[in-house]
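The data blocks that follow each hold one structure.
In what comes next, chain A is part of two complexes: it sits with chain B in the first one and with chain C in the second one.
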Partner chain A sequence: MLCPSLAALSLQSSTPEALRVVNLLQERNLLPPGPIPAPTPCLPQDLQKINCNPEVFRSTLTSIPQTQSLLNKAKLPLGLLLHPFKDLSQLPVVTSSTIVRCRSCRTYINPFVSFLDQRRWKCNLCYRVNDVPEEFMYNPVSRSYGEPHKRPEVQNATIEFIAPSEYMLRPPQPAVYLFVLDVSHNAVETGYLNMVCQSLLDNINALPGDSRTKIGFITFDSTIHFYNLQEGLSQPQMLIVSDIEDIFLPTPDSLLVNLSECKELVQDLLKSLPNLFEKTMETQSALGPALQAAFKLLSPTGGRMSVFQTQLPNLGVGALKSREDPNQRASAKDIQHLSPATDFYKKLALDCSGQQVAVDLFLLSAQYCDLASLGCISRYSAGSVYYYPSYHHAHNPAQVERFQKDLKRYLTRKIGFEAVMRIRCTKGLSIHTFHGNFFVRSTDLLSLPNVNPDAGFAVQMSIEENLLDMQVVSFQAALLYTSSKGERRIRVHTMCLPVVNSLSDIFAGADVQAITGLLASMAVDRSVSASLSDARDAMTNAAIDSLASYRQSVLTIQQPGLLAPACLRLFPLYILALLKQKAFRTGTSTRLDDRVFAMCQLKYQPLAYLMLMIHPALYRVDDLTDEGALNINERTIPQPRVQQLSVEKLSREGAFLMDAGMVIYLWVGRNCNPNFLTQVLGVPNYTAVPQNLYLLPELDTAESQRTRAFIGWLRDQRPFFPTLHVIRDESQLKANFMQNMIEDRTESALSYYEFLLHLQQQISK
Partner chain B sequence: MAFTFAAFCYMLALLLTAALIFFAIWHIIAFDELKTDYKNPIDQCNTLNPLVLPEYLIHFFFCVMFFCAAEWLTLSLNIPLLAYHVWRYMSRPVMSGPGLYDPTTIMNADILAYCQKEGWCKLAFYLLSFFYYLYGMIYVLVSS
Partner chain C sequence: MVTLTMIARVEDGLPLAASMQEDEQSGRDLQQYQNQAKQLFRKLNAQSPSRCTLEAGDMAFHYLIEQGVCYLALCEASFPKKTVFAYLEDLQTEFHDQYGRRVPTVSRPYSFIEFDTYIQKTKKSYIDSRARRNLGSINTELHDVQRIMVANIEEVLQRGEALSALDTKASNLSSLSKKYRSDAKYLNTRSTYAKVAAGAVFFITLIVYVRFWWL
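Moving on, here comes the complex of A and B:
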C-alpha cells in the first residue's frame, strides 16, 4: 500500500482512498456492506506483515504526528486501545532461561529492534545498544546458531514468555475463588440463587486451576454466614456472625478449602443452599460488612471474589441511600449522582488491590442500587461489573438465559492472577491517562489483581519531544501474570507505527472507530468529574474541530457542503450515536443505574464489542439468501448487507435484525412476508407471533436454518451472550429498538442530517 | 520600640510561615517521589492528606490575626489565597477522611502536574510572605 506522501511524489498524484473527499451532506450511503476493518498502518510490507494484530493493539492515529503542535492542529485524540489478554488461537510460548531485555528501559526484545551485527541489537524504544546474550544466538526452533533475528521473540509481535523466579514477588498463588451471595428475601424472590448453584455444579470441573485450587462461600443478609467445608465433615456447617460492626472470621481455616479434596462437600452445599433460605423474611442487606469479611478471608492468598447483590445495601458500613429522583430521569439538563456517594467501596477496592484480590460484581435488581458507588469496588480492583436489571426466574426468561450463559463463560474462561501491566513507548512519547478497570500504581504500571480475556483498556498519549529523525515509533504492552496453573508468564505485544509530518498524512491514517472508542472513555471521565453537558459538548466539539481543521489545512479546493476525508466519513455518525447512547443521552427517560452501567461498559469493553453497542448493525433478514455467504465449519452463513439506522430503511413487509452488542432485536413488520412467519417463526400469521419470544424455534426449513446460522454466527463472535428479542409493533421493547435508530429525529435529539447541518454551521463560523 | 499587637502578629506569622514553607517543600518532594515511581500512591496520599487541613487552618488563623490587628494591606494580600483554599477544599473528590488527594486519580499526569505546579507556587508565595512579614515586623516595631 503506497503511503500518501509517496503517492504525492508520483507525476499523476492521485489521492489514496483514505483521503478521498466526501461531502457528507450529499452522500447518504456511507456504511460499508459488512463489518468495518481496522485501517492498515502505512509501513513497508515486511514490517506490516509482523505487526501486532489490530484486535489486540490499536491506535487512534495509525500515522503518528512528528510534533505535539502538529497533533494539536489535527484536533484528533492520540491514544491506544488494547485488549491484551484476548483469547488467541495462535500464541507462541517461549521458555527461555534468559529473557532478553534492553538494559536501560527494560523493553522486551521484539520484531522491530534492529540488529547492528550479529552480537548487538539496538532497542527501538530508547535506542540503547545492547549485547546479544550467548544463549540467544542459538535458535531452538530451527536448531541453528548465529541467527538471533530468526528466533520466535523477534519474529512474532505477540508472544508469551514463561517467567523465571526473578519475576515473582512471592511463590505463584493458587487459583482461589470466593462467592459472596445475597440471600435476603428479595434475592430469594428473584430465584438467582438456583441458577448460580446449578451453574457452579455444572462447571465445577471446568474452573481454571490445578490441584491447589481453593473455593469458599459466604452468604449474607443482615448477618454474615460462613460455611465450614473441612474435609471429614459429613455435611457443610454454617457459622453465623451477627456482629457486623466488628467482623471476624469464626474459624481460622476450612472456610476456604481445597476444591479437589472437598469436592463432595462443596457439591452438597451447592445443592442445599437455595433451600436453606427459601423461607427467609430478611429484608436488610449488609453488603459492606460481607465484603470486609470476604476481604479478610482472601487477603492471605489473593484471588477472585464474585459478589451477587440484588438490592441497595442498607445495613452496616457502606450502607447507601436511594439517590435517584425518578422525575429527573428524562431531564434535558444535567444528570446528578454519577459519582460515588461514599468512598468506602473505593477504599476497600484499593485494599483488595494491594492484596491481589479482584472483586466482580453481579447486580440483579429491579430497584435503584447506586451502581455509581458500588461499581467502584470492581473498577479499582480490576474486576468486572455484570448487570441484569429486573432479573426474575419466572417473569424474565430472556435475562435468565443471558445470566446462565454469562455465568458459564465467567466461570470457565481463562484467568490470570496477581498481574501487572506496563505500557512502554518510544522515547519522546508519553502516556498521561489510563482508562479501564485497574489501579495505577505508578506512572506506567497498572496493578491488575485479576486479568480476564474480556477486558479492554485505553490510554491517551502526548508527544513530549519532537520525533525528529524517526521513521517509526513502537509501543509495547507487557502483562506479567500468574496463570491458573501457578505458572508465572509474561505476555508481550509490540506494535510499530510510522511517523509523519504532514497533516494530510495524519488524517489519512485516522482510525475512526478507535477515535470514537477513546472519545467515549474520555467523555465518561468528563461526565463524572465535570458534568454530563460538558461531556456532550466536548464530543460535538471533537467532530467540529477535526473537520474544521481538515477543511482549513488539508483541503486544496474549497467546496460548499460538509467535507470530510473518506477515512473519517463515519465520524459525525458515530458522535451522534454516542450522544444518543444510554450513557450520554438527555431528554429520554433513562434509569440512573442503566446509565451508569452503560458508562462502565464504555470504559471496560474492548473496541470490537464497543462499536456494536454504540452503533448497532441493522440487517434485513426476511429475504436471506446464500449469495455471498461464508462457509465456516461446513455451515453456510448468509451475509446480509448492513443498513443505515433509520426507520426509512425499515419496511412493513420485512423483518429486520438489529445487533446491538448485548442484545439482538428481531423486528417483524406488520405485513411481513408470510413465508418468513411460517418458515422461521413457526406461526401462521402476524397476530400469532408471541409477545415475549426470545428463542427462535428450530424448524427444519432452509429459511430457519439460515436465520439461526446467522444469529449463531453473530453470537459466536463475542464472549458474552446477547439476548434475542422478537418484537412486534405492540411490544414493550419496541421503544428500545426505535431508540437505536440513530439517524432519526426524536423530541429531544437531532436527526443525522440536522446534526450535519449543525456541524457545518459551527465549522463555517 | 513599642511592642504592639501588630508586631506580635507579624512575629507569630513569621514562625508559622516557616511551618508553611516546610509543608510546601514536603508536598513538592512527595509529588516528585510519585512521579519517579519511588513511592506507592496509596501510602503517599495517606501521608499528604492529613497535612492539608492544618495548612489551611494555619493560614486562616493568620488572616484572623491580621484582621484583629487592623493590618489591612497584609490581610488583602492573603485573602486571594484564602479564597483559593476554600475553593480547592470544596471541589475535592468524595472521601470520608480529610484531604485533597485521591490515590486513584493522583497518578493522572494532568492532576500530578497541577499539584506540582501548585506546590511550587505556594512555596514561592510563602517565601515572599516570610520576607514581607519580616519587613512588616521590623517596620511596626520601629515606627511606633
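Moving on, here comes the complex of A and C:
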C-alpha cells in the first residue's frame, strides 16, 4: 500500500487505495470476497516487519493524530483493542537474570527503542536515556558480545519473560479449581449435571496444573452441600450446611483437596453426583450464600470458581426478582433493567478479585435469570459468562453439543493466575476508559485474578499533549501472571504507529473493524449508564459525524451522493449491523437475558469473533468448487465468496451458509439443487429434510467432504464451538436467520439503502 | 502454629520452595515478615550459624542450614523450639532426597514449588498436639540446645548495629559538648578576670596620676 506521504512526493499524486473515494449510494458490492485483513500501519519496512501482530494488538486509527483538536475534527474514536493472552504458535521466552526496563517509566525494552551507542538506550515512551546493563551486552542466542540490539527482547514485539522473585507478592499459587453446582429440581431436569460430571471425568488429566493442583465441589439448592474428599476415606462424604444466613465452612480442610492424591475419590464423587439428586424436589436456589461459601473456601489461596446456575436465585442474600416484562420485549422505545438490581454480586466480585479468585458463570436457564445482575460476578473478577438458554438434554441436542465442546475447551485451555496488566503509551497520550472483564486497581493497573486466552480488552485514549517532533508513538501491554505450573511470567506486547498531522492521513489509516468494535463497547456502557436510545443515537452520529468531516475537510471535489474513503466504506454497514444486533435492537422481540448476554459478549470477545457476531458472513454452498481452495493438512478447503446479507442474494435454487460467530445456519432453498440434497444432506428431496438437523451426515461424496471441510475450517478458527442448524422454510430458526439479513428492511428498522439516505440527509444539513 | 515456611539457596538467596498459611488472624503482617525473610536470605553466607532463632516482636524465625540450603519457619514466639526444629529437620531430609542434586543448577525462583504439598502435610503432623507428645522421643537427638544461637532479628539485619554505633556517637557527642561547656565557662571567667584586671589597672593608674600631679 502506498503511504500518503510517499504519494505526495510523486508528481502525479495518485491517491492510495485507502483514500479512494467511494459513493456508497452507487457502489453496491462493497464486501471483499474473503475475510477482511487488518490495515497495515504506514511505517518503514524494517519497523513494520517486527511490529506487533494485529491479532494481538490493534488500534482504531493506524495513523495517530498529532493533536487532540485534529482527532476531534476527524470524529473517530481513538482506542486500542487487545487480545494479550491469545494462544500463540510461536512465543519467544527469555530467562534472564536482569529484565531491562526504563528507569523512570518502567517500560520493558522493546524493538522500538533507539540505541544511542552500544551502552545507552533511549526509551520510546518517555524518552529517557538509560544505561545498558553489563549482562545485556551478551547475546545468548548468537553467543556474541557487544550487540544488545540483536537480543531477542529487541527483535520481537511479543515476548515472554520468566519473572525473578521481585515480581511476586507471595510464592506462586497452585492451580485451584472449585465447581459450584445448582442441584435444584429445575437443574436436574435439564440434565446438565450429567454433562458436567462426564466432561470432568473425561478431562480430569488434562486440567492445567502440576502436582499441587487442588479441586473442590460445592452443590446447593436451599442448603449448601460440601464434600469431604480427604485422602483415606473410602468414599466422599457430603456435609450439609443449612444455616444460609451465616455461612461457615464445616471442616477446615479436605474440602479443597490435592487432585493427584485424591483422584479416585474425586472420580467417585463425579460418578455418583448426578444420581444423588435425581429425585430432588427442591425448587429454591440459594446462589448468594453458595458464592459466599465458595469465596471463603478459595480466599486463602485464590483460584477459579465455576458456577453453574439454572434458575433465578430466590433464597438468601443476593436473591433476585423477575424484572422482565414480556410485553416490553418488542418495545420500540427504551429498554429497562439493563443495570444490576443489587450490588451484592459486584461487591462479592470485588472481594474475590482482592483474593485472586475469578468467577466464571454458566447460565443454563429457560426463564429470566437477571443476567444483568448475575453477570457482575464475572465482570469485576475477570471471569467469563457462558449462556445456554433453554438448555435441555433431550429437547435441545444442539445446545448439548455446544455445551460439551465449550466445557472441554474451558477445562483444558491455558490459564494464568493472580495476574495484573498494565498498558503504557508514549508521553503525550493517555488512557482514560477500559473495557472488558477486570477490576481497575489504580489509574492503569488492571487486576485479573484469572487470565484466559479467549478474553479481549479495549481501551480509549486521548491526546493530552501535542505529539510534535515525533515520527512514531509506541504502546506496550505487559501482563504479569503465574502459570498453572507455578511459574511467574511476564508477557509483553509492543506496538508502534506513525504520527500524522493531516486529516486525510488519519482517514487513510482508519481501521473500520476496530472502530466498530470500540464503538460497540462504548455503546454498551452508554446503554447501561444512560439509555439504549442514547446509545443508538450515538452510534448513528458516529457515522454521520465522521463522514461529514470527511466530506468537508478531506474531499477536494464535491460530488453528489454519500461519499466515503475506501477504508471506511463498510462503516455505515457495520453501524447498521450494530443497530440491528440483539444487544441494541428495538422493535423486535428480544428476551432481556439474550440482550444482556449479547452486551456482555460485545465487551468480552476479541475483535475477530466480535465482527462475525456483528456482521455474519454469508456463503453459497450448494455449488462449492475446489477453485481457489486452501490446502491445509492435506485437506482441500473450498473458499466460497462472501455475499451481502440481503435476501436479494438468496436464491430458492441454492443452499446458503451463514457464519454468525456462535452459531452457523445452513439455509436450504425450496427448489434447491437435488444434487446438494442427496450428496450432502443425504435426503432424496426437500420435504425429507429433517426439521432440527444439527449435524451433517458423513457421506462419502465429494460434495459432502467439501462442505464438511469448509464448516470444520470455520469452526477450527475459534476457541468456542458454534452450533450448526439446518433451516428449511418452516423452521423456527428461520426468523433468527432472517434477522441477520442486515441490508433488508424490517417493520422496525431501515434497509441499508434507506440508512445510507438517512445518513446523507443528516450530513447535508 | 507455623505460619510461613521458606526454603532458599544460601549462596544467592534464590527462593526454592515456600508454603504460606494465610488465615484471618495472621493476614496483613505476613507481607512484612515475608520481606524480612527475603532480606535474611540475602544476608546468609557460609559463616552463618547452622541453627538459629531470631525474635521478631511476638513472632519468631527459626532456621536451619544444611548442604547450602536454608530452611526457615516463622511461628509464634511461644511455640516450642524443639518442635519447630524437628519439623525443619524432617523437611531437610525429604527435600535433600528429592531435589538436593538439582539445587546448584536452577535459576528460576521457586523451581521446586511442588514441595509445598509435602510441607503442608508435614506441618499438619507437627502441629497436632498428640504428635507433639510423641516427638519427645525423636527430640532426644536434639540435645545440643547450645548450638541454637538466640538473637534479635533487628540486630541481624544490622539495624541494631547501626543503632549501637549511633548510640556511641551520641554519647561521645554528649561528653564532648559537656567538655565544651566547661571550657567555655572557663574562658568566660578568664575574660571577666581580664576585664576586671584591666579596669583595676586603669583605676590605680588614675589614682597615682592624680595623687602625684595634683598634690
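The definition used in the following text is that the second predicted complex is superposed on the first by the 763 of 765 C-alpha atoms of A that agree within 3 Å, B and C clash if a C-alpha of one lies under 4 Å from a C-alpha of the other, contacts with A are read in each partner's own complex, and residues count from 1 in each chain.
Here is the rule we go by: contacts are C-beta pairs under 8 Å (C-beta built on N, C-alpha and C of every residue); 3 or more make two chains touch, one makes a residue touch a chain.
Note that the coordinates shown come from a computational prediction; the quantities given were computed from them, not determined experimentally.
Superposition of the two structures on chain A shows chain C fitting alongside chain B with no clash. In the superposition on chain A, A:Gly354 makes contact with chain B only, not with chain C. Contact with chain B, but none with chain C, is seen for A:Phe439 once the two complexes are overlaid on the shared chain. Computed from Cα centres after superposition, the angle at chain A between chain B and chain C reads 60 degrees (steps of 10). In the superposition on chain A, A:Leu169 makes contact with chain C only, while chain B stays out of contact range. By the document's definition of touching, of the two partners only chain B reaches A:Pro340; chain C does not.
By the touch criterion defined above, A:Phe136 reaches neither chain B nor chain C.
Between chain B and chain C, the shortest distance over C-alpha atoms in the superposed arrangement works out to 15 Å. Common to the chain B and chain C interfaces on chain A is no residue. Of all the residues in chain A, the ones that touch chain C in their complex are 95, 97, 162-165, 168-172, 174, 210-212, 258, 261, 300-301, 486-488.
Those residues of chain A lying in contact with chain B across their complex are 339-344, 346-347, 350, 354, 380, 430-434, 439-443, 445, 462. Chain contact summary for the complex, chain B toward chain A: residues 34-35, 37, 40-42, 93-96, 102-104, 107-110.
Every residue of chain C that touches chain A in the complex is listed here, in rising order: 6, 14-15, 17-23, 31, 34, 38, 107-110, 113-114, 116-117.
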